[in-house]
Amino acid sequence: MRVLVQEEAFDFGREAQAFASGHSNMGAIVTFTGVVRDSDKGGMERMVIEHYPGMTQKALETIAKDAVSRWDLGDVLVIHRHGELRPGEMIMMVATAARHRVNAFEAAEFLMDYLKSRAPFWKKEYGADGAEWVAAKDEDEDALSRW
Amino acid sequence: MDVLYFAWVRERIGIPKETLTTEAKTVKDLVEELKLREERYAVAFSDLSALRVAVDQELTDFDAALDGVREVAFFPPMTGG
Amino acid sequence: MRVLVQEEAFDFGREAQAFASGHSNMGAIVTFTGVVRDSDKGGMERMVIEHYPGMTQKALETIAKDAVSRWDLGDVLVIHRHGELRPGEMIMMVATAARHRVNAFEAAEFLMDYLKSRAPFWKKEYGADGAEWVAAKDEDEDALSRW
Amino acid sequence: MDVLYFAWVRERIGIPKETLTTEAKTVKDLVEELKLREERYAVAFSDLSALRVAVDQELTDFDAALDGVREVAFFPPMTGG
(Lines give C-alpha, C1' and ligand atoms only; values in the text may rest on other atoms or scores of the structure.)
Protein backbone atom coordinates (compact mmCIF):
# COMPACT_ATOMS: atom_id res chain seq x y z
CA MET A 1 0.00 0.00 0.00
CA ARG A 2 1.40 3.38 -0.98
CA VAL A 3 -0.26 6.76 -0.36
CA LEU A 4 1.36 9.96 -1.61
CA VAL A 5 0.18 13.53 -1.08
CA GLN A 6 2.33 15.94 -3.05
CA GLU A 7 2.48 19.25 -4.85
CA GLU A 8 4.68 18.04 -7.73
CA ALA A 9 3.36 16.37 -10.86
CA PHE A 10 3.59 12.57 -10.99
CA ASP A 11 4.51 10.45 -13.98
CA PHE A 12 1.32 8.47 -14.61
CA GLY A 13 2.87 6.16 -17.19
CA ARG A 14 5.79 5.28 -14.96
CA GLU A 15 3.61 4.84 -11.86
CA ALA A 16 1.12 2.68 -13.75
CA GLN A 17 3.87 0.52 -15.23
CA ALA A 18 5.70 0.11 -11.91
CA PHE A 19 2.48 -0.75 -10.10
CA ALA A 20 1.36 -3.29 -12.71
CA SER A 21 4.81 -4.89 -13.00
CA GLY A 22 5.17 -5.35 -9.28
CA HIS A 23 2.29 -7.82 -9.00
CA SER A 24 2.86 -10.80 -11.22
CA ASN A 25 0.52 -12.98 -9.21
CA MET A 26 -2.33 -10.52 -9.54
CA GLY A 27 -4.31 -11.00 -12.75
CA ALA A 28 -6.13 -7.68 -12.74
CA ILE A 29 -4.84 -4.12 -12.49
CA VAL A 30 -7.19 -1.12 -12.55
CA THR A 31 -6.11 2.51 -12.57
CA PHE A 32 -8.17 5.67 -12.33
CA THR A 33 -6.69 9.07 -13.19
CA GLY A 34 -8.35 12.41 -12.60
CA VAL A 35 -7.41 15.15 -15.07
CA VAL A 36 -8.09 18.89 -14.68
CA ARG A 37 -10.64 19.80 -17.30
CA ASP A 38 -12.23 23.12 -18.06
CA SER A 39 -15.08 24.19 -15.76
CA ASP A 40 -18.64 23.37 -16.86
CA LYS A 41 -19.21 26.96 -18.01
CA GLY A 42 -15.78 27.21 -19.65
CA GLY A 43 -12.97 29.75 -19.35
CA MET A 44 -11.01 28.17 -16.52
CA GLU A 45 -7.33 29.14 -16.52
CA ARG A 46 -6.07 27.31 -13.48
CA MET A 47 -7.18 25.40 -10.42
CA VAL A 48 -5.79 25.57 -6.89
CA ILE A 49 -6.31 22.59 -4.61
CA GLU A 50 -6.21 23.39 -0.91
CA HIS A 51 -5.82 20.58 1.60
CA TYR A 52 -5.53 19.95 5.35
CA PRO A 53 -1.90 18.90 5.77
CA GLY A 54 -2.28 17.30 9.20
CA MET A 55 -5.21 15.17 8.12
CA THR A 56 -4.81 14.39 4.40
CA GLN A 57 -2.27 11.58 4.55
CA LYS A 58 -4.10 9.85 7.42
CA ALA A 59 -7.50 10.20 5.74
CA LEU A 60 -6.22 8.68 2.49
CA GLU A 61 -4.50 5.86 4.36
CA THR A 62 -7.71 5.09 6.21
CA ILE A 63 -9.63 4.92 2.93
CA ALA A 64 -6.96 2.70 1.35
CA LYS A 65 -6.95 0.36 4.39
CA ASP A 66 -10.73 0.17 4.21
CA ALA A 67 -10.49 -0.95 0.58
CA VAL A 68 -7.93 -3.62 1.48
CA SER A 69 -10.15 -4.94 4.27
CA ARG A 70 -13.25 -5.13 2.04
CA TRP A 71 -11.80 -6.68 -1.11
CA ASP A 72 -9.21 -9.34 -1.78
CA LEU A 73 -6.48 -7.03 -3.07
CA GLY A 74 -2.79 -7.50 -3.70
CA ASP A 75 -1.99 -3.80 -3.48
CA VAL A 76 -3.31 -0.25 -3.55
CA LEU A 77 -1.69 2.99 -4.73
CA VAL A 78 -3.11 6.48 -4.14
CA ILE A 79 -1.44 9.71 -5.33
CA HIS A 80 -3.16 13.07 -4.85
CA ARG A 81 -1.73 16.48 -5.67
CA HIS A 82 -2.44 19.86 -4.12
CA GLY A 83 -1.47 23.39 -5.11
CA GLU A 84 -1.82 24.96 -8.54
CA LEU A 85 -2.78 22.93 -11.62
CA ARG A 86 -3.62 23.81 -15.23
CA PRO A 87 -6.19 22.17 -17.53
CA GLY A 88 -4.84 18.86 -18.83
CA GLU A 89 -2.69 18.22 -15.75
CA MET A 90 -3.31 15.10 -13.70
CA ILE A 91 -4.75 15.73 -10.25
CA MET A 92 -4.59 12.27 -8.81
CA MET A 93 -4.55 8.56 -9.49
CA VAL A 94 -5.50 5.35 -7.75
CA ALA A 95 -4.44 1.84 -8.74
CA THR A 96 -5.62 -1.53 -7.47
CA ALA A 97 -4.24 -5.03 -8.03
CA ALA A 98 -6.33 -8.15 -7.46
CA ARG A 99 -6.53 -11.75 -8.60
CA HIS A 100 -9.98 -11.14 -10.05
CA ARG A 101 -11.14 -8.16 -12.08
CA VAL A 102 -14.37 -7.51 -10.18
CA ASN A 103 -12.41 -6.86 -6.99
CA ALA A 104 -9.93 -4.57 -8.75
CA PHE A 105 -12.75 -2.54 -10.35
CA GLU A 106 -14.95 -2.30 -7.26
CA ALA A 107 -12.07 -1.33 -4.97
CA ALA A 108 -10.96 1.42 -7.40
CA GLU A 109 -14.51 2.81 -7.54
CA PHE A 110 -14.78 2.64 -3.75
CA LEU A 111 -11.46 4.50 -3.38
CA MET A 112 -12.64 7.21 -5.77
CA ASP A 113 -16.04 7.60 -4.12
CA TYR A 114 -14.52 7.97 -0.66
CA LEU A 115 -11.63 10.11 -1.79
CA LYS A 116 -14.07 12.53 -3.49
CA SER A 117 -16.14 13.11 -0.37
CA ARG A 118 -14.01 12.12 2.61
CA ALA A 119 -10.47 13.29 1.88
CA PRO A 120 -9.80 16.93 2.86
CA PHE A 121 -9.22 18.59 -0.52
CA TRP A 122 -10.99 21.66 -1.87
CA LYS A 123 -10.78 22.90 -5.45
CA LYS A 124 -10.96 26.53 -6.50
CA GLU A 125 -11.20 27.45 -10.17
CA TYR A 126 -9.68 30.66 -11.50
CA GLY A 127 -10.74 32.23 -14.79
CA ALA A 128 -11.09 35.59 -16.52
CA ASP A 129 -14.38 36.13 -14.60
CA GLY A 130 -12.79 35.61 -11.20
CA ALA A 131 -12.46 32.67 -8.85
CA GLU A 132 -14.97 30.17 -7.54
CA TRP A 133 -14.88 27.24 -5.14
CA VAL A 134 -16.05 24.01 -6.73
CA ALA A 135 -19.27 22.90 -5.02
CA ALA A 136 -19.61 19.33 -3.82
CA LYS A 137 -22.19 17.36 -5.80
CA ASP A 138 -25.06 15.53 -4.15
CA GLU A 139 -24.36 12.61 -6.45
CA ASP A 140 -20.85 12.29 -5.00
CA GLU A 141 -22.23 12.08 -1.46
CA ASP A 142 -24.93 9.66 -2.64
CA ALA A 143 -22.31 7.43 -4.26
CA LEU A 144 -21.07 6.42 -0.80
CA SER A 145 -24.33 4.62 -0.04
CA ARG A 146 -23.32 1.94 -2.54
CA TRP A 147 -20.66 0.56 -0.21
CA MET B 1 -7.21 24.44 21.44
CA ASP B 2 -6.32 25.14 17.80
CA VAL B 3 -9.21 25.97 15.48
CA LEU B 4 -8.54 25.65 11.73
CA TYR B 5 -10.53 26.92 8.77
CA PHE B 6 -10.28 25.76 5.15
CA ALA B 7 -11.52 26.85 1.72
CA TRP B 8 -14.34 29.44 1.80
CA VAL B 9 -14.70 29.10 5.57
CA ARG B 10 -11.10 30.31 5.86
CA GLU B 11 -11.81 33.15 3.42
CA ARG B 12 -14.96 34.31 5.24
CA ILE B 13 -13.39 34.22 8.67
CA GLY B 14 -10.21 35.74 7.28
CA ILE B 15 -7.64 33.56 9.03
CA PRO B 16 -6.50 29.95 8.54
CA LYS B 17 -5.98 29.18 12.22
CA GLU B 18 -6.38 30.54 15.72
CA THR B 19 -5.71 29.26 19.20
CA LEU B 20 -8.39 29.76 21.82
CA THR B 21 -9.54 28.67 25.24
CA THR B 22 -13.13 27.56 25.53
CA GLU B 23 -15.54 26.02 28.00
CA ALA B 24 -17.63 24.58 25.12
CA LYS B 25 -18.59 20.94 25.69
CA THR B 26 -19.33 20.09 22.06
CA VAL B 27 -18.48 21.33 18.59
CA LYS B 28 -21.96 22.85 18.39
CA ASP B 29 -21.35 24.81 21.60
CA LEU B 30 -18.06 26.08 20.19
CA VAL B 31 -19.81 27.21 17.00
CA GLU B 32 -22.40 29.14 19.05
CA GLU B 33 -19.60 30.79 21.00
CA LEU B 34 -17.77 31.81 17.83
CA LYS B 35 -20.95 33.14 16.17
CA LEU B 36 -21.41 35.55 19.08
CA ARG B 37 -17.87 36.86 18.75
CA GLU B 38 -18.05 38.66 15.41
CA GLU B 39 -20.23 39.03 12.35
CA ARG B 40 -17.73 37.17 10.10
CA TYR B 41 -18.11 34.04 12.25
CA ALA B 42 -21.90 34.39 12.27
CA VAL B 43 -21.83 34.53 8.46
CA ALA B 44 -19.42 31.60 8.05
CA PHE B 45 -21.44 29.39 10.42
CA SER B 46 -24.92 30.51 9.34
CA ASP B 47 -25.74 27.16 7.69
CA LEU B 48 -24.15 24.19 9.44
CA SER B 49 -25.53 21.77 6.85
CA ALA B 50 -23.07 23.36 4.40
CA LEU B 51 -20.14 22.65 6.72
CA ARG B 52 -18.08 19.68 7.84
CA VAL B 53 -15.99 19.36 10.97
CA ALA B 54 -12.91 17.35 11.96
CA VAL B 55 -11.85 16.87 15.58
CA ASP B 56 -8.21 15.96 16.09
CA GLN B 57 -7.99 15.36 12.34
CA GLU B 58 -10.84 12.87 12.15
CA LEU B 59 -14.13 13.68 10.45
CA THR B 60 -16.99 13.80 12.93
CA ASP B 61 -20.27 15.67 13.50
CA PHE B 62 -21.31 18.79 15.38
CA ASP B 63 -22.38 16.81 18.45
CA ALA B 64 -18.81 15.60 19.06
CA ALA B 65 -17.43 16.27 22.54
CA LEU B 66 -14.46 18.62 22.93
CA ASP B 67 -13.08 17.17 26.15
CA GLY B 68 -9.31 16.76 25.76
CA VAL B 69 -9.40 17.82 22.11
CA ARG B 70 -6.40 19.69 20.70
CA GLU B 71 -7.54 20.61 17.19
CA VAL B 72 -10.89 21.38 15.58
CA ALA B 73 -11.22 22.16 11.87
CA PHE B 74 -14.17 23.61 9.94
CA PHE B 75 -14.55 23.39 6.16
CA PRO B 76 -17.05 22.91 3.34
CA PRO B 77 -17.81 19.47 1.87
CA MET B 78 -14.69 18.07 0.24
CA THR B 79 -14.15 18.21 -3.51
CA GLY B 80 -11.03 16.14 -4.15
CA GLY B 81 -10.47 13.41 -6.69
CA MET C 1 -11.01 4.66 -30.83
CA ARG C 2 -8.04 2.35 -31.23
CA VAL C 3 -8.16 -1.45 -31.29
CA LEU C 4 -4.95 -3.47 -31.58
CA VAL C 5 -4.59 -7.25 -31.85
CA GLN C 6 -0.94 -8.23 -31.73
CA GLU C 7 1.56 -10.90 -30.79
CA GLU C 8 4.21 -8.49 -29.46
CA ALA C 9 4.28 -7.14 -25.93
CA PHE C 10 2.92 -3.61 -25.45
CA ASP C 11 4.35 -0.91 -23.21
CA PHE C 12 1.56 -0.40 -20.66
CA GLY C 13 3.12 2.69 -19.07
CA ARG C 14 3.61 4.39 -22.41
CA GLU C 15 0.17 3.45 -23.70
CA ALA C 16 -1.50 4.60 -20.47
CA GLN C 17 0.38 7.90 -20.46
CA ALA C 18 -0.30 8.58 -24.15
CA PHE C 19 -3.98 7.75 -23.76
CA ALA C 20 -4.44 9.91 -20.65
CA SER C 21 -2.46 12.83 -22.10
CA GLY C 22 -4.43 12.90 -25.30
CA HIS C 23 -7.70 13.85 -23.59
CA SER C 24 -7.32 17.08 -21.67
CA ASN C 25 -11.05 17.77 -21.77
CA MET C 26 -11.88 14.41 -20.24
CA GLY C 27 -11.73 14.45 -16.45
CA ALA C 28 -11.65 10.69 -15.90
CA ILE C 29 -9.35 8.00 -17.30
CA VAL C 30 -9.74 4.33 -16.36
CA THR C 31 -7.42 1.53 -17.42
CA PHE C 32 -7.70 -2.20 -16.92
CA THR C 33 -4.74 -4.50 -17.48
CA GLY C 34 -4.84 -8.29 -17.51
CA VAL C 35 -1.66 -10.03 -16.36
CA VAL C 36 -0.79 -13.70 -16.83
CA ARG C 37 -0.80 -15.25 -13.39
CA ASP C 38 -0.10 -18.80 -12.34
CA SER C 39 -2.98 -21.24 -12.79
CA ASP C 40 -5.26 -21.90 -9.82
CA LYS C 41 -3.53 -25.18 -9.04
CA GLY C 42 -0.04 -23.73 -9.60
CA GLY C 43 2.87 -24.86 -11.76
CA MET C 44 2.03 -23.02 -14.97
CA GLU C 45 5.09 -22.34 -17.10
CA ARG C 46 3.55 -20.57 -20.07
CA MET C 47 0.26 -19.76 -21.71
CA VAL C 48 -0.62 -19.79 -25.39
CA ILE C 49 -3.50 -17.65 -26.60
CA GLU C 50 -5.12 -18.83 -29.82
CA HIS C 51 -7.40 -16.48 -31.72
CA TYR C 52 -9.53 -16.32 -34.88
CA PRO C 53 -7.60 -13.88 -37.08
CA GLY C 54 -10.44 -13.07 -39.48
CA MET C 55 -12.84 -12.26 -36.70
CA THR C 56 -10.85 -10.88 -33.74
CA GLN C 57 -10.30 -7.31 -34.88
CA LYS C 58 -13.91 -6.91 -36.00
CA ALA C 59 -15.28 -8.44 -32.79
CA LEU C 60 -13.21 -6.10 -30.63
CA GLU C 61 -14.19 -3.08 -32.72
CA THR C 62 -17.86 -4.00 -32.37
CA ILE C 63 -17.50 -4.22 -28.58
CA ALA C 64 -15.64 -0.87 -28.46
CA LYS C 65 -18.29 0.82 -30.65
CA ASP C 66 -21.00 -0.57 -28.38
CA ALA C 67 -19.30 1.02 -25.38
CA VAL C 68 -19.06 4.37 -27.18
CA SER C 69 -22.75 4.24 -28.07
CA ARG C 70 -23.84 3.39 -24.52
CA TRP C 71 -21.72 5.83 -22.50
CA ASP C 72 -20.61 9.41 -23.01
CA LEU C 73 -16.95 8.66 -23.76
CA GLY C 74 -14.15 10.72 -25.20
CA ASP C 75 -12.14 7.71 -26.34
CA VAL C 76 -11.54 3.97 -26.02
CA LEU C 77 -8.37 1.91 -26.37
CA VAL C 78 -8.23 -1.89 -26.56
CA ILE C 79 -5.03 -3.93 -26.93
CA HIS C 80 -5.11 -7.74 -26.83
CA ARG C 81 -2.20 -10.08 -27.41
CA HIS C 82 -2.13 -13.62 -28.75
CA GLY C 83 0.59 -16.25 -28.95
CA GLU C 84 2.89 -17.35 -26.15
CA LEU C 85 3.04 -15.52 -22.80
CA ARG C 86 4.80 -16.18 -19.49
CA PRO C 87 3.53 -15.48 -15.97
CA GLY C 88 3.83 -11.77 -15.18
CA GLU C 89 3.40 -10.69 -18.82
CA MET C 90 0.52 -8.42 -19.74
CA ILE C 91 -2.15 -10.07 -21.88
CA MET C 92 -4.31 -7.08 -22.67
CA MET C 93 -5.45 -3.64 -21.64
CA VAL C 94 -8.45 -1.41 -22.12
CA ALA C 95 -8.63 2.32 -21.41
CA THR C 96 -11.60 4.68 -21.35
CA ALA C 97 -11.76 8.47 -21.17
CA ALA C 98 -14.90 10.32 -20.07
CA ARG C 99 -15.94 13.62 -18.54
CA HIS C 100 -17.36 11.80 -15.52
CA ARG C 101 -15.82 8.93 -13.63
CA VAL C 102 -18.92 6.72 -13.49
CA ASN C 103 -18.98 6.54 -17.30
CA ALA C 104 -15.27 5.75 -17.51
CA PHE C 105 -15.57 2.96 -14.92
CA GLU C 106 -18.75 1.41 -16.30
CA ALA C 107 -17.52 1.45 -19.89
CA ALA C 108 -14.24 -0.22 -18.87
CA GLU C 109 -16.13 -2.95 -17.00
CA PHE C 110 -18.48 -3.43 -19.94
CA LEU C 111 -15.51 -3.75 -22.31
CA MET C 112 -13.90 -6.35 -20.08
CA ASP C 113 -17.09 -8.36 -19.61
CA TYR C 114 -17.73 -8.52 -23.36
CA LEU C 115 -14.13 -9.06 -24.28
CA LYS C 116 -13.95 -12.05 -21.88
CA SER C 117 -16.91 -13.87 -23.39
CA ARG C 118 -17.43 -12.49 -26.90
CA ALA C 119 -13.98 -11.94 -28.41
CA PRO C 120 -12.52 -15.05 -30.07
CA PHE C 121 -9.54 -15.84 -27.82
CA TRP C 122 -8.78 -19.18 -26.16
CA LYS C 123 -6.14 -19.70 -23.49
CA LYS C 124 -4.15 -22.89 -23.00
CA GLU C 125 -1.91 -23.32 -19.99
CA TYR C 126 1.28 -25.38 -20.15
CA GLY C 127 3.00 -26.77 -17.07
CA ALA C 128 5.12 -29.68 -15.91
CA ASP C 129 1.95 -31.83 -15.78
CA GLY C 130 0.97 -31.14 -19.37
CA ALA C 131 -1.32 -28.70 -21.09
CA GLU C 132 -4.91 -27.70 -20.45
CA TRP C 133 -7.41 -25.38 -22.09
CA VAL C 134 -8.74 -22.76 -19.70
CA ALA C 135 -12.46 -23.35 -19.16
CA ALA C 136 -14.88 -20.45 -19.49
CA LYS C 137 -16.45 -19.49 -16.18
CA ASP C 138 -20.20 -19.30 -15.68
CA GLU C 139 -19.67 -16.04 -13.77
CA ASP C 140 -18.08 -14.48 -16.88
CA GLU C 141 -21.11 -15.35 -19.00
CA ASP C 142 -23.43 -14.18 -16.20
CA ALA C 143 -21.59 -10.84 -16.00
CA LEU C 144 -23.03 -9.88 -19.41
CA SER C 145 -26.55 -9.73 -17.99
CA ARG C 146 -25.57 -6.56 -16.11
CA TRP C 147 -25.52 -4.52 -19.31
CA MET D 1 -17.67 -23.25 -47.82
CA ASP D 2 -14.75 -23.01 -45.40
CA VAL D 3 -15.19 -24.66 -42.01
CA LEU D 4 -12.78 -23.57 -39.26
CA TYR D 5 -12.06 -25.15 -35.89
CA PHE D 6 -10.38 -23.51 -32.90
CA ALA D 7 -8.92 -24.54 -29.54
CA TRP D 8 -9.89 -28.06 -28.38
CA VAL D 9 -12.37 -28.43 -31.25
CA ARG D 10 -9.43 -28.03 -33.64
CA GLU D 11 -7.40 -30.52 -31.61
CA ARG D 12 -10.16 -33.15 -31.53
CA ILE D 13 -10.98 -32.88 -35.22
CA GLY D 14 -7.27 -32.71 -36.02
CA ILE D 15 -7.32 -29.90 -38.58
CA PRO D 16 -7.74 -26.12 -38.32
CA LYS D 17 -9.71 -25.74 -41.53
CA GLU D 18 -11.37 -27.60 -44.36
CA THR D 19 -13.33 -26.65 -47.44
CA LEU D 20 -16.49 -28.58 -48.19
CA THR D 21 -19.65 -28.56 -50.22
CA THR D 22 -22.86 -29.13 -48.34
CA GLU D 23 -26.61 -29.11 -48.84
CA ALA D 24 -27.15 -28.31 -45.14
CA LYS D 25 -29.69 -25.53 -44.59
CA THR D 26 -28.57 -24.59 -41.07
CA VAL D 27 -25.52 -24.87 -38.86
CA LYS D 28 -27.28 -27.68 -36.98
CA ASP D 29 -27.78 -29.61 -40.22
CA LEU D 30 -24.09 -29.15 -41.02
CA VAL D 31 -23.13 -30.46 -37.59
CA GLU D 32 -25.29 -33.58 -38.12
CA GLU D 33 -23.65 -34.14 -41.50
CA LEU D 34 -20.16 -33.82 -40.00
CA LYS D 35 -20.97 -36.15 -37.08
CA LEU D 36 -21.88 -38.89 -39.56
CA ARG D 37 -18.58 -38.53 -41.41
CA GLU D 38 -16.14 -39.75 -38.80
CA GLU D 39 -15.84 -40.59 -35.12
CA ARG D 40 -13.61 -37.54 -34.40
CA TYR D 41 -16.40 -35.21 -35.54
CA ALA D 42 -18.98 -37.13 -33.51
CA VAL D 43 -16.77 -36.68 -30.43
CA ALA D 44 -16.06 -33.00 -31.04
CA PHE D 45 -19.75 -32.20 -31.59
CA SER D 46 -21.18 -34.51 -28.92
CA ASP D 47 -22.28 -31.64 -26.65
CA LEU D 48 -23.37 -28.57 -28.57
CA SER D 49 -23.96 -26.61 -25.35
CA ALA D 50 -20.16 -26.66 -24.90
CA LEU D 51 -19.65 -25.11 -28.34
CA ARG D 52 -20.03 -21.73 -30.00
CA VAL D 53 -20.39 -20.97 -33.69
CA ALA D 54 -19.58 -18.01 -35.92
CA VAL D 55 -20.99 -17.62 -39.41
CA ASP D 56 -19.04 -15.36 -41.72
CA GLN D 57 -17.08 -14.21 -38.67
CA GLU D 58 -20.07 -13.14 -36.59
CA LEU D 59 -21.18 -15.03 -33.50
CA THR D 60 -24.53 -16.71 -34.00
CA ASP D 61 -26.41 -19.84 -32.91
CA PHE D 62 -26.88 -23.33 -34.30
CA ASP D 63 -30.18 -22.44 -35.99
CA ALA D 64 -28.44 -19.92 -38.27
CA ALA D 65 -29.08 -20.43 -42.00
CA LEU D 66 -26.17 -21.33 -44.28
CA ASP D 67 -27.56 -19.88 -47.50
CA GLY D 68 -24.80 -17.86 -49.21
CA VAL D 69 -22.41 -18.35 -46.27
CA ARG D 70 -18.70 -18.55 -47.02
CA GLU D 71 -17.20 -19.38 -43.63
CA VAL D 72 -18.41 -21.28 -40.56
CA ALA D 73 -16.27 -21.61 -37.42
CA PHE D 74 -16.73 -23.87 -34.39
CA PHE D 75 -15.01 -23.32 -31.06
CA PRO D 76 -15.46 -23.56 -27.29
CA PRO D 77 -16.66 -20.59 -25.19
CA MET D 78 -14.10 -17.81 -25.37
CA THR D 79 -11.61 -17.19 -22.60
CA GLY D 80 -9.88 -13.93 -23.49
CA GLY D 81 -9.21 -10.90 -21.35
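Order as written gives the chain letters A, B, C and D; numbering starts at 1 within each chain.
Operating definition for what follows: a contact is a pair of C-beta atoms (placed from the backbone, for glycine too) under 8 Å apart; a residue touches a chain by one contact, two chains touch by 3 or more.
Which protein is which chain? UniProt says A, C = Molybdopterin synthase catalytic subunit; B, D = Sulfur carrier protein MoaD.
The structure displayed is predicted, hence computed values, not measured ones.
Q: In whole angstrom, what separates the CA-based centres of chain B (Sulfur carrier protein MoaD) and chain D (Sulfur carrier protein MoaD)?
A: Measuring from centre to centre gives 71 Å for this pair.
Q: Using Cα averages as centroids, what's the distance between chain A and chain B (Sulfur carrier protein MoaD) in whole Å?
A: 26
Q: Using mean C-alpha positions as chain centres, tell me how far chain A is from chain D (Sulfur carrier protein MoaD) in Å, no decimals.
A: 48
Q: If you look at chain D (Sulfur carrier protein MoaD), which of its residues touch at least two other chains?
A: 81
Q: Among all residues of chain A, which ones touch two or more of the remaining chains?
A: 34, 101, 112
Q: Is the way these chains touch best called a line, a ring, a star, complete, or other?
A: Drawn as a graph, the chains make an open path, so a line.
Q: What are all the chain pairs that meet the touch criterion?
A: According to the stated criterion, the contacting chain pairs are A-B, A-C, C-D.
Q: Of all residues in chain C, which touch chain D (Sulfur carrier protein MoaD) in the complex?
A: 34, 49-52, 54-55, 58-59, 80, 91-92, 112, 115-124, 133-136, 141
Q: Which chain B (Sulfur carrier protein MoaD) residues qualify as touching chain A in the complex?
A: Contact set of chain B (Sulfur carrier protein MoaD) toward chain A: 4, 6-8, 10, 54, 57-59, 71, 73, 75-81.
Q: How about chain A: which of its residues touch chain C in the complex?
A: 11-14, 16-18, 20-21, 23-38, 87-88, 90, 99, 101-102, 104-105, 108-109, 112, 143
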